[in-house]
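Take a look at these structures.
Each of the next two complexes has chain A plus one more chain, namely chain B in the first and chain C in the second.
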Partner chain A sequence: MTRGGSTMRLRALVRKEFLQILRDPSSIAIAFVMPIVLLLLFGYGVSLDAKNVPVALVIDQPSADTASFSSAFYATDYFKPITLRNMQHAEIALLAGEVDGIVHLRADFGRDLRHAGGAPVQVIVNGVNANTGRLVLGYVNGVWSTWLQHQAEMRGGTLDVPVQVEQRVWFNSELRSRNFLVPGLIAIIMTLIGALLTALVVAREWERGTFEALMVTPVSITELMLGKMIPYFVLGTGSMLLSVVMALYLFDVPLRGSFWVLWLGSSLFLLVALGMGMLISTVTKNQFLAAQVAIIVTFLPAFLLSGFIFEIASMPTVVQIITHIIPARYFVALLQTLFLAGDVWSVILPNALALLLMAIVFFVLVWRKSRKRLE
Partner chain B sequence: MLYRIIALIRKEFLALFKDKKTRVVLVVPPLIQLLVFGYAATFDLNHVPFAVYNEDSSSASRELIAHFESSPNSQKTTDISDSREIQPLIDAREVMLVIHISPQFKRKLVLGEPAPVQVIVDGRNSNTASIVLNYTRSIVTDFNLQWAQQHGRASPPVYLQSRAWFNDNLQSRWFLVPGIVGLLTLLVTMLVTAMSVAREREQGTFDQLLVTPLRPIEILIGKAIPGFIIGLFEATLIILIAVFWFEIPLRGELLMLYSGVFLFLLSAIGVGLMISSLAATQQQALLGAFLFLVPAIILSGFATPIENMPDAVQTLTYINPLRYFMVVLRGVFLEGMPFELLMPQLWPMALIGVTCLFLAGWLFRHRMV
Partner chain C sequence: MKTAMRDRDENNSTEAALELNAVSKTFTSGKRIIQALDGISARISLGCITGLIGSDGAGKTTLMRLAAGLLLTDSGQMKVLGRDVATEALAIQAMLGYMPQRFGLYEDLSVQENLDLYADLQGLPLAERPSRYAELMHMTGLATFTRRLAGQLSGGMKQKLGLACTLVRSPQLLLLDEPTVGVDPVSRRELWAIIERQVESTQMSVLLSTAYLDEAERCAEVLLLHEGKLLSQGPPAEFSNRLKGRTYSLSATGLTKRELQRRLSRAPGVLDALIQGEHVRLVMTNHEPPDVKHMLLGIEGVELSAVPPRFEDSFVEMLGINTPKYPVSDSHTSVKPITGGAAIEVQDLTRCFGKFVAVDSVSFNVGRGEVFGLLGANGAGKTTTFRMLCGLLPVSSGRASVAGVDLHQAAATARARIGYMSQRFSLYGQFSVIQNLRFFGSAYGLNGVHRQSRIDWALQEFGLASEVDSNSDALSLGYRQRLSMACALLHEPEILFLDEPTSGVDPLARREFWRRINTLAEQGVTVLVTTHFMEEAEYCDRLAIMAAGRILVLGSPAEIKTKAQTVSQPTPTLEDAFIRLIQPSTELQA
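Showing the complex of A and B:
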């Protein structure tokens, strides 16, 4: 066996794998269509920022004061207010989901306004979606304090607020949710290609016995593994580049860190994902099982346990410990920092190191599992 | 006819459950997912780590900091004494929030001038950042009201009395766990049904089935019922855990909930069988199911509200059965929604289900090439 023979065999295996990918419409769909669909959905479709929230303004007794207060709601694009005459109508609208909140000005609003205690404004939000409910309460608060300030200025004074908050939001001053969703999505897309697609394809070879058939040829285990990994590594890198280009030029997400660090981090994560995919297929050797296991241990955790949407710091301690064995966790931290904050080495180094360790562990496991099969 | 269908159903169950690994995979992982995700999926912040940069060591500034420390949502990690320390702390994600009190704080406060407090928030996760800002504002508002009362300053002419209906403490778990019921039910049902026809096609036994006296409608029923039974079992198990383990209030009627589950299963099985009869191999069926599942979950309103989506995308969600089921689940669980408000969610699921089942049955015979 010469060195040349080994490269030739490897090239043949890689070629075979590429042909197989290109000829099966379903793997093309996962490798090319799915990333684009996901990017478009998350870039344009999904948003956590509530705008134009429908609220009902209930004014028991219209007056100049109530008109001034309610005009503040019409002036902001956070709300799409409708004016209703009584609470019954507003409650029905809230139940039917037509409005997300009710702002109720009672009959004696104008009178209480001028008394020492002040006038109460009743605010009710639909709490079913707690996150939206909380944002709406925050918006109402903002409208209220702007209105107070305005009123004070009109009377020629300043508002008597003891402490004033001056807020500064770093990295994402407009608080666009797209800026943190799109970078995190790269982790999901690479999990899809690296782990799910690889697991399915390799499991099919085990199921059909073609893997064993290949093992009796002069091809070595290492060559077989490389032959499987190289095409998917190339696919994964391609989809990463596509995601970065779409993020930067279509969705205007800033990339404040260096591209090469991003590329390096993505390659490390891709190796981990490929390792997981290979391990799953080697253990299950069955397409149905491989798909189930891949979705459950790679895809869903990448979605829910990685910090992609849900903050890890808010999870219970036990779940936080579990997130440490989820590779996507380290990659999402890398992505969000590289895109929005820059080359922060105190974040990059530990996360990259964790990914490197996981890659090594998975490959050692795959190598040992596949070798056993030969005995 | 009934006998033939029962025989087919029995065969389907045998095919699914003869393998021990498959039996385990259908029951154990969904339970683990429900438990882990039920705890993990939350938008609530309960440990916001923050740092304090206090340049005004007075009783007033300490009182304001005490307000932050006593809030159940935040947790002080460090005191810093130099503005250069702020950046590394936030960059490395050690703190989400830095509260900076300038040297003139107490003096301004006593003179009745507005005393500024600067807050710096890590905006990498925009949703977290807006929640942190909201918490901060409400803590400062509380402090202001208390200060105004204690020092005889005028209180604002208008104040807010806020309340959240159906979920007084605004716990996002109450919103997300009913959503997970829909998510997992869809996942299991789709995987079971999507494989059923494709497996037989790949192995060539589907052609044999077609030449038996079984009519396509009988094959369709025989293939649909096992998925239905598994889905119903799975949904019930998850609902029980949601109610008894996570203590999500079930305010509506079980009958309403199960009419939703029934129609949702119908539509999920319809989509699954349609994908299955389109696929030539198991792999295509699985990937096809996946191509449906991911957008269906994202566009269902599970984590991100449908109202925030652009109009074109909102229109697209109308063909997604999970969208309707999410409303039914949350409506019945949290709001105790009555039948007439649920109707607009129920019939679209029935329509999607019947249409897809019809198409699947048609494809049995017509996708022969």
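Showing the complex of A and C:
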């Protein structure tokens, strides 16, 4: 086959694929509508910060002290307190899920406060959601110590604490979970677009018998593969750009690394995802099966094991080892670093290298699995 | 024409388009090993059309795919245009055109875009394109549809576009896998005309597979395959000549055609007796003329005439049916005495899917004990009509009653009194024969002793006893068809709906199947059947030919043929009639 013929064939395949993308609303939907929906959903809907947590303040005997203490709860954003007079009512509210915690000030709160032993405050937290439970506990402590300091200053002294913690939060100084969720989400979106979309469109060609007709033309396997890769690489880059623009301008996530490194890293990951998609569809040759397999072996692991939401370091060792074969893990690390920290080469280079290796492995597999044969 | 060769290239000059030397191919599906091709040796000549004839499962598609280099042989050697497929697949693929069974048209691309794609892939130089495109579009009659999406073409037009794409760069060998299946008779003739013109003008070699036996007669040579084995090879005339002087047509006023057929098929010396309109076609086992007087003792108005043999006759002979494998008994069901009125009444029946009108105010009546055929190409509205009558699809407008029950009011009641057998045989593949029977029996509300007695009846009647514990998807097509029919008859329905019940089965299985239908009809069961085999339409008492959701013509086979009589064609076949009625003004130039 001449080189000119090869270019002509490849161009024809790519043009065909683009025409199909334009005419088939489902690929457009996956590439552009899905990122928007997912980003809005996760950007606004999912927040790992606890804000306006409903708590019950049970005050057995109101006094100036209890009023000043409870006003500290009313003043902060973290709590949405209701004041009750009766512990039983509070317990019912906790059981009913109306409040996530109870702060109980006993009748002798005012008196004990001025004694050497101090005033005990009972805090009951709903621990069903361990994460929220821990946060509520922490926040109550925070409110409590701030109030104590305030009280001390009012009395003209300082609170005598032997160790002072000076907190500095790096990279995400406001501790906004969105800043950390949105970059990770981009990895999930890319996984879906790269793997699911290619898996579906290649399997579709098997199902409709179009591949059988293509195979008996002078087209080569490499041309067929490139003919699929190029259009979906372009489409994937498009949705990557859309996601980045949304992250920067809608969610105000900072981009501290350079745009070009981000682009290169994403391209690498896109190649891996496309490779996975091609491999799945080459093996299954059936749209339904391809979709199932793509979701189970690419999307779910990327969601659960990439460190996008769930911290890898706190997983059991075995699971931590498994995360190393999840490509999204490296991309999440890359994205979080690039968005929040900057061009930290010591993080970027090993992760990029891992992605490159995976891309090579998948393409070798795809190339070996595809022959111009039906069996 | 057979020896005409294209020797552009001295080294490439070959004597055969395709050479098979003891070619075998097996597939494994689960635990089962399927012998798709079993030691086939054959030579396919250059410059002519060779037909690959056989039923489903004969090995036609496997042979095509082997020739196209899409599969590798297990043993044996295969040469295409003088090159070995095992080693030179790419070079061969550059010389051949291959149209798979469902041609790979991109349905969301337009006609022109599909053509462009294949022109690019085949490397057709840009300069040659305008003239080639014009030629192909003229040939296929698609010139006015170039901007239409391929998915919006009719079945026949799709096949023609597929053929145009395959022919975009004139190949040396053209492989066509069942190009005419599911296509209306008009498009079928046009496809044949296109292929014949190509062969004449470019000396192209063509290998075409088909399940339509009448198409065999249009080929220069025929390979007859059956269950992976090559039964015979030769010019089609040679096949039918073997039976010269042994084929007759017979009619008798004193008997119904079904009674006549039944008597004749049991008579000594008769190989095959087939209803054809008002006549019965006879094939004798030897050259002695049928002893009509003896066969039809005391029957009046017997007329016997000799007719020319057909390709199918020799196929039937080769498959060897002196006696049917499973004799069809006379006791199928015990249908209750027939009460008055028509079994099926349909008035202005319409069904729309969105804007698309699939069935357009169709009206007909079917009497009790009648065999009524619905004919038409894929997409004509047959299956939709069927599903409405079975109460599976709501009616958009119009009225339909089945077994005296209005479908609007009591579709479920009507359903209990009908049996339904679908194209794909709707069996549970993972269930054994007996489990399928038990399930369908219970689904129809049979239980206890009654169910058991019906199952025993079915096993015996359909010769399924030996396969009782086999999974139904491990059965051969013929057995599956029998099981499917047994399931539909368990509850002794008054009306039987059969949706393309014989597509893909061999002529013997088809005959056995129709013998059962005839017996049922004689016992008063009403049968509504769809088919795209014109041949089968002859077995019906009356038929309706559908096209684009409407009934074109309705009547007995003889009446329909009479309507299409012309001076040039005094005795048209049903297919001729169909073509004439669908386009009354234009004379066909096939």
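We take it that the second predicted complex is superposed on the first by the 371 of 375 C-alpha atoms of A that agree within 3 Å, B and C clash if a C-alpha of one lies under 4 Å from a C-alpha of the other, contacts with A are read in each partner's own complex, and residues count from 1 in each chain.
To be clear about the criterion, a residue touches a chain if its C-beta (ideal position, glycine included) is under 8 Å from a C-beta of that chain, and two chains touch if they have at least 3 such contacts.
Computed from a prediction, not measured in an experiment: that's the story for all the values here.
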{"item": "Partner chain(s) touched by A:16 [first = chain B, second = chain C, both, neither]", "value": "second"}
{"item": "Which superposed partner A:24 touches (first chain B, second chain C, both, neither)", "value": "both"}
{"item": "Contacts of A:215 with chain B and chain C, given as first, second, both or neither", "value": "second"}
{"item": "Chain B versus chain C as contact partner of A:5, first or second or both or neither", "value": "second"}
{"item": "Between chain B and chain C, more extensive residue contact with chain A", "value": "B"}
{"item": "First (chain B), second (chain C), both or neither touched by A:64", "value": "neither"}
{"item": "Which superposed partner A:154 touches (first chain B, second chain C, both, neither)", "value": "neither"}
{"item": "Intersection of chain A interface sets (partners chain B, chain C)", "value": "24"}
{"item": "Partner chain C, residues of chain A touching it in the complex", "value": "1-2, 5, 8-9, 11-13, 15-16, 19-20, 23-24, 205, 208-219, 372-375"}
{"item": "Residue numbers on chain C that touch chain A, as the complex places them", "value": "65, 68-72, 89-90, 93-94, 96-109, 113, 116-118, 120-123, 149, 162, 165-166"}
{"item": "Residues of chain A defined as touching chain B within the complex", "value": "24-27, 29-30, 33-34, 37-38, 41-42, 44-51, 53, 69, 94-97, 100, 113-114, 116-135, 137-138, 140-141, 144, 147-148, 151, 158-173, 175-177, 179-180, 196-197, 200-201, 204, 284, 286-289, 291-293, 295-296, 300, 304-305, 307, 309-311, 313-316, 318-319, 322-323, 333, 336-337, 340-342, 344, 346-347"}
{"item": "Contact footprint of chain A on chain B as seen in their complex", "value": "19, 21-22, 25, 29, 32-33, 36-37, 39-49, 64, 88, 90-93, 96, 109, 112, 114-131, 133-134, 136-138, 140-141, 143-144, 147-148, 151, 153-168, 170-172, 174-175, 187, 191, 195, 199, 279, 282-284, 286-288, 290-291, 294-295, 298-299, 303-305, 307-310, 313, 327, 330, 334-335, 337, 341"}
